[in-house]
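This is the structure I have questions about; it appears just below.
Each chain gets a letter, A, B, C and D, in the order it is written, and its residues are counted from 1.
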Amino acid sequence: MQQRNATAAIIGAGDFIGSAIAKKFAREGYIVFAGRRTAEKLVPLAQAIEAEGGRCVARALDARKEEDVTQFLKAADDMAPLEVCVFNPGANVNFPILETTERVFRKVWEMACYGGFLAGREAARLMLPHGKGTILFTGATASLRGGIGYAAFASAKFGLRAVAQSMARELGPKNIHVAHLIIDSGVDTAWVRQRREQLWGKEALDNPDLLMPPSSVAASYWQLYQQPRSAWTFELEIRPFGEKW
Amino acid sequence: MQQRNATAAIIGAGDFIGSAIAKKFAREGYIVFAGRRTAEKLVPLAQAIEAEGGRCVARALDARKEEDVTQFLKAADDMAPLEVCVFNPGANVNFPILETTERVFRKVWEMACYGGFLAGREAARLMLPHGKGTILFTGATASLRGGIGYAAFASAKFGLRAVAQSMARELGPKNIHVAHLIIDSGVDTAWVRQRREQLWGKEALDNPDLLMPPSSVAASYWQLYQQPRSAWTFELEIRPFGEKW
Amino acid sequence: MQQRNATAAIIGAGDFIGSAIAKKFAREGYIVFAGRRTAEKLVPLAQAIEAEGGRCVARALDARKEEDVTQFLKAADDMAPLEVCVFNPGANVNFPILETTERVFRKVWEMACYGGFLAGREAARLMLPHGKGTILFTGATASLRGGIGYAAFASAKFGLRAVAQSMARELGPKNIHVAHLIIDSGVDTAWVRQRREQLWGKEALDNPDLLMPPSSVAASYWQLYQQPRSAWTFELEIRPFGEKW
Amino acid sequence: MQQRNATAAIIGAGDFIGSAIAKKFAREGYIVFAGRRTAEKLVPLAQAIEAEGGRCVARALDARKEEDVTQFLKAADDMAPLEVCVFNPGANVNFPILETTERVFRKVWEMACYGGFLAGREAARLMLPHGKGTILFTGATASLRGGIGYAAFASAKFGLRAVAQSMARELGPKNIHVAHLIIDSGVDTAWVRQRREQLWGKEALDNPDLLMPPSSVAASYWQLYQQPRSAWTFELEIRPFGEKW
């Protein structure tokens, strides 16, 4: 493993996509800064990375708090230049419109959109003096489609996409690659499996080709990071080959 | 003027689009409930409507406060069945990403997106028992494009569009028409004229065909309201014929 | 009925949408030029219009032949200034990709896209000297989505949409309104009823709210035609209120 | 260089993007089948590939002729299983709508859209028995936007995108990856340089960051080809970091 003097910060380093991205960048030699709400939940990730000879700093982090985000990214950049920032918190909820409380609407926005704005802006602030960097935002089907029951979630995801677009246009010419990934399918997580089984019965899990392994998702983040600046992608949508879309 | 026993609520009854919509519905016989932050600023609108023989109830209203929105719409519905709700507050700001404070980002969202969610949800709650209604949201170019400097504004407008889409899909089959208008050009307002002059000089105002008169914009809201339910539009974009797009 | 000294040409004046548009413009006082492949099939339309006191010139027309299109529109403009041109031929087919012959692919394109280019261009040529005009293109769900089996049809419809967009941008500033309607649902025609019954059984026809009456579709064309040039729409999508989308 | 028993067919192996893709796949060990209208123009490409130790079969090919396309791809598959097919002919023209002849409109469509349909269908026919394959279509800004003067070109490019989408949805579950690349910027070619100089003067060429080197574009095709089937992208847009979009 080639050691690099650079950090990759993952905000929302959950058990699935977030962890897979963290592992990928750790394997590629980056010092990974992994943040999520509950520090203990990061222990397995940090151990897994270290067992492979990688480096991981795990930190509790509330992505909805400006101070938390600022300090988290600054700590990363203080250790080694911040080269990659991934914003990945999930906040998928579904409620009929009349049952969508203002509290839910606001909270989902704070996690999925406002936190992304804070992360993107602070990452940019640290990267601009280095003259380069990559900022990646995790989107979803709901980034492009406001389906029934998704007023809160889609609103936040649409909003995050706008933040990413606006930043990409402003920061691209300054050599900062901002991209937005549309994860247009279920990722293979315990939560998604359980939900599909509840909705459609056990048969819904018969076809393994309809769920995306987190490592394949992480491969897409790595592909975007690898692009030469003379041919950057802003938006990349991915889905498994068996998906109906 | 045919008097109708129905109310049309305009949230964000500003001097231009909002007022023009209010006047149009008043002329068509609706009791207009006009709301905006400062009650005094509604006086000219109420007077103009009454001078034409129309009916207008003007109320101070902070669209970011759930209680305000709820009470405003309930008052309208108490007077006569709420048949139309227009959400129209403006919040157009432009800042480089590093100068976009969390306060601005949050405030713009509260005005342009969160307020729209509250208005849409409460209007739907009142309309569903009547078995019909129309909810119209004002969008902008920034509803579809996150341009440089528009992280806050576009994020809020993208988010509002998702709210509208999600509501349209859920409420359409319940006979509530939810639509989103993309105002894809400058409207002819004092503020837009001043801004264009600052940016591009006096010549920018030479071509009157590049600005949309508020009454033409209001005509589009009326057209959507007139559609038979067997052929509803969700999204309507308008621009003046001379516009480059 | 107010008689107008103006013609409205309908290319693809089929039994449903095309006829409904023709009737609407005839009722509004326009001399309707109705064209479709087989002249005899136009007889009922012409009779219906004349029975209402309207004026209709019915002509056999192959929209895929430049000469036919040119002569048809010229004949209209010779009678009275051509003010409206509607391009409406259908060509909906569905084949698995391997069974899509080059003949089908080409023929569908000639009818649904190439013919639209010819009609739009020739209408523009006649309207420009008058300093005004409206050109309306009929689109479909397949104008925005290439679904399974729709390589030929969606390709033609995507292509027609590009023609419309390109013309709208060039001709708008010259006071010619070019618009594209997305008919995002089944229209209530014998053919659609039969097809739905075959696919999903008789129950598929139980809900009358899922099919659009041609007259409602025609109302949308009329709405677009009525827009003031200071607030023109390029693209209008319509669907019945009960539609899932 | 690892030799693979597989062919990669490039239809439209022009001097820039097409050649760069051909070289990339040759370096990765594929037998490249390179086709374009004039066989002699393929000589430098074939020589360059062979000089690097790669394998290249150069053939004259008119992508608008079904028989040519069928034979070209069959010859590739006869030599070694056809694993990749790239459809890349250019046909960029710009004419005011009234000056767009039916001949130009048809010819551009035949080259840029109809040829793509033939190539995609025939590649699929050969790949399906192998149980895998990748088909890549070259798109452009005009695949998404019908700009002024682009009625012919955008219409063909929109149409090609629909073919790609329809094929992707049908063939994905059969393990054939169909993707569409949006090349959203000028590629660094003699023709583009000359055109920019004519339009905007020599200064237009001062900033090398505004043109994409063909090799960077080719890298994107390779990235798509490398994606695991559990996370496929249908559409990838690329532009250089300095581009305004």
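The rule is simple: a contact is a pair of C-beta atoms (placed from the backbone, for glycine too) under 8 Å apart; a residue touches a chain by one contact, two chains touch by 3 or more.
These numbers were taken from a predicted model, which means no experiment stands behind them.
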Please find the path from chain A to chain C through touching chains that uses the fewest steps, and give that number.
2
Using CA atoms for the superposition, what rotation angle relates chain B to chain C, in steps of 5 degrees?
180
Interface numbering overlap (same over half, different under half) for chain C and chain D
same
If every chain is reduced to the average of its C-alpha atoms, which one ends up farthest from chain D?
B
When the C-alpha atoms of chain A and chain D are each averaged to a single point, how far apart are the two points in Å?
32
Taking each chain's mean CA coordinate, chain B and chain D are separated, in whole Å, by 45
Two or more other chains are touched by the chain D residues 169
Based on the touch definition given at the start, go ahead and assign the chain network to line, ring, star, complete or other.
ring
Full set of chain pairs in contact is A-B, A-D, B-C, C-D
Quick check: in the complex, which residue numbers of chain D touch chain A?
169, 172-173, 175, 177, 209, 212-213, 216-217, 219-220, 223, 226-245
Quick one: in the complex, what on chain A touches chain B?
66, 96-98, 100, 102, 105-106, 109, 113-114, 117-118, 120-121, 124-125, 128, 142, 145-152, 154-171
